[in-house]
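Some structures are shown below for you to check.
Across the two complexes that follow, chain A remains constant while its partner is chain B and subsequently chain C.
So, the complex of A and B:
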C-alpha cells in the first residue's frame, strides 16, 4: 500500500473490512479505486447503501493490445441541497479472453444501456444483465469495434474521400 | 446469447437457388405483364436508348419495392417464426441494401415481387434498381457470376446480415472495378445522376492520384 495521500473512501474500506482493492488515486481530484471483478458485486452494494445513488456514467476501454479490459464506473450522490456531491470512480479490470464482470443493473438502473454499449464495443459480458445484446452495432455484427486490435472489414461504404 | 441457437448457415444448396434480378437472358421480354404506367415509362425512356425490354423488370422491381416498401410488403407468415424472423429481431428479413446491390435472404417472385421469407436458403440479388449504370446481358452475367463465386466463398458462414453485408460490399467493389475497367458506364438518363462511383474520367485506371510536384 503506497503511503501517498489516500482518499477517505479507501480508508473507510480498509477500516471496515479489509477488502481486496488497491488505490489509484487522483485523476481530477476524484478518488479512483481499482476493484477486482470478484469483489465488485459486494462493493457495489456497499457503495449504494452508503449513499451513492447515482451512477453518472459507465464506460469500458481496452487497456493495451495484449492486455486487459477495463470497466469504469463513476458514482456520485444525488441529493437535494448538496452543492458539491462526492464522487468516486471505480475501475474493474478483466482479462481479454473471457471478460466477465458482474453487472450493476440491479443496483443502478441507468447502467442498462451503458453496460450494453460496453459489451458491444469492447466485449465485456456482464453477468446478470437481463438483456445484454448489441446496442450500437447491428445485431449480427462480429467483432468488438473499440478494441485496439480490431480491424474494420473492407466494406464498400467506408471509402476514402475522392 | 440466443443468437447461437437460431443461426443457420449458408448451405451448398443455396447456390442452386440464386436468382439475379437484372436483364439477363433468362427473363424473356415481357410486354404484356406490366400495367400501362410502367409501359409508358418503358416507351419514353428506354426506346431511344434501345435497351432490352427486360430492363423494365428492374423498374418494376424498383417501383414495386419503393411503392410497397419493405415494411408493408411483409405478410404475416406464421411459418416465418424461425430463422431470425422472431420478434426480438424486429421481425425483419435478412438483407443487405446498398445503392446498386440488394441482397435478400428470401425468395422473391419475379412476377409478383412477393417476398417469401420462409425460404432463407435462397438469396435474391436485385442489381441496380435505380439504374445508375447501363447494363447489358454480358455485364449482368458477369456480376451474377461474381455473386455466385462470393456465395461459394462464404459457404459455411452463419447466415446473418453481417455476412450478407460482406457479400454486398464485395459486389460493390466488383461493380466499381467493372466501371474502372470500362465494362459498364454511367447511365446519363438516370433519375439521380450523382456519379456515386467517381466522376467520369477519360481513363479511370490511368492514374489514381494526381501528380503532386
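So, the complex of A and C:
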C-alpha cells in the first residue's frame, strides 16, 4: 500500500531518535525529509547501506532571499529490472554566513561535480570534498551567482531594472 | 646538439577548449608519462550560459526557446522535459494525439543524437568516412523536423498541454520512408563497422566500467545499460505513452566500449520500431490542451486592498506554477535528463535545476 510505505523512513528515524523534520511529500509522492547538517554524514551511510545506491541529482538553492541555503539530494535505488523504484529526497539546510555541509563524495562518487556546482553557484562549501573548486565560473570569480541577492557585476541594464 | 633524455619527468599537456570534429568545448589537463595518460583533469564551464538563473525570470513559454540550446544534438528531449515539469506540477492531461506526436519526435531526436555520437566516435578511432554518412542521415531528420516545426534544429515545438502545431499533410508517409531508408542504413553501418577487425581490436575490452561503479558514479543511459543494468527510464517510470508500444531495452553485459557501441546501435533500431508503431497507431483528435492557458482562478480582493489586481488591459495568457516542488526526468539519448523544479505561486519558477545527462 503506497500510503503506508511512504513515511517509513521518517518513522524509522523517529524510532532511532534522530532529530529530523519530515517535510510534506513533494508533488509526485516522493518522501522528503529535512536533516541537520551534523547528522547528514551518518544518515548518508545508513541510506547507502540500505540500498540507495544512486544519487539522482544534487542541487542547492536558497530558501528565501537573505534566508538559509538548502542542499537537496535525490536518492534512488537502482536494481536489476524493477518497476517504480524507491526514491527519497533529503534536504540539508544551513545558515547563510558560513554554510558548511559534509560531503557525500566518498559514498556516492557522482556527487563530485554536482557538489562543486552547488559550491560554485550558491556557496555551500562541502567538507571532505577532494577538489572543491569552481566548476562553471572562472576560478577567480567572486560571488555566488545563483543566490537571489546576487548582483551581476557590470550588467547595468539588470541593475537599473532592480 | 643532443638534449639529455629526462624520462622521469611527467609531461603536462593542455588539450585546449577548442577541438576539431565536434567534441564541444572541454579543456583537459592531461599528465602524460610517455604516451600513457596518468592523470586527467577536466575543466568545464566554457559553455555555461546561466540557463538556470535565466529560468528564474522567464515564464515557461518564454523559456522554451532557451532549452533547445542546452543539448543541441537532441533538442526535443530538452523541450519535452521543460514542458513535462509544469504538466506534472499541475496535473495537466495531454491529448493522446499530442502524446504520440511527442513520442515520434523524441525518437527521431534520439536517432539524430546517436548518429552524431557515432561520427566523432569513429573519427577518434581514425575512420573518418562515417562522419559524412551520419550527416547525410541527419539531414533527412532535419528536413522532417523542418516540415513539422519550422526549424531544423532549434524547434520551439512543445507546449504545455501538447505540441504547437499539428503534423502537416503527408508528413507521416515521409516519416515511414525515412524509417525504411534508415533500417537499410543501419545494416550498412553494421557491415562497415561492426565486423571490422581493426575496429574490434581497438574497442573490445577498452574502458571497462563495472556495474557497481557505474551506479556509484551516477552514470545513466547507454553507459549504464552497457554495464549490465537494464535501467531505462522509459520502462521504469513510463511517461508519454511509451508503455503502449512494444519494444525492448537494449543492454549488454560487458561494460567496455564495444558494449556501449552495440547498445547505441541497438537503441537506434528500437527507436525506428517505436516510430513505426506510433505512426501506425496515431489517433486523431486535438493536439494541444488549450485549457491550460488560463490564469489560475483566484478570488480578487476588495478594491481598496493592498493586493487588488487591477487589470488595466487584458493580459496575455500565462501559466502560474503553484508552490510545490518536483523532480521529473526523461531518458535523453545521453542519459537521464532531469529537472528539479521548485515552484512559487507566480509565473516564474523559484529554482530550476537541470540535472545534466551523462
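To be clear about the criterion, the second predicted complex is superposed on the first by the 137 of 162 C-alpha atoms of A that agree within 3 Å, B and C clash if a C-alpha of one lies under 4 Å from a C-alpha of the other, contacts with A are read in each partner's own complex, and residues count from 1 in each chain.
Definition applied: a residue touches a chain if its C-beta (ideal position, glycine included) is under 8 Å from a C-beta of that chain, and two chains touch if they have at least 3 such contacts.
Keep in mind that this is a model prediction, so the values were computed, not measured.
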item	value
Partner chain(s) touched by A:142 [first = chain B, second = chain C, both, neither]	first
Contacts of A:72 with chain B and chain C, given as first, second, both or neither	second
Between chain B and chain C, more extensive residue contact with chain A	C
Partner chain(s) touched by A:59 [first = chain B, second = chain C, both, neither]	second
First (chain B), second (chain C), both or neither touched by A:45	neither
Where chain A meets both chain C and chain B, residue numbers	138
Chain B-touching residues of chain A, taken from the complex the two chains share	132-133, 138-142, 153-157, 162
Chain A residues touching chain C - in the complex, by the definition given at the top	26-28, 30, 53-57, 59, 61, 72, 74, 78, 80-85, 89, 108-111, 113-114, 121, 134-138, 145-146
Sites on chain C touched by chain A in the complex	44-45, 48, 50, 52-53, 88-89, 212-213, 215-219, 224, 229-231, 235-237, 324-327, 329, 336, 338, 340, 342, 350-351, 353, 355
Interface residues, chain B side, partner chain A - complex	1, 3, 89, 98, 158, 160-163, 165-166, 168-170, 172-173, 176, 198-199
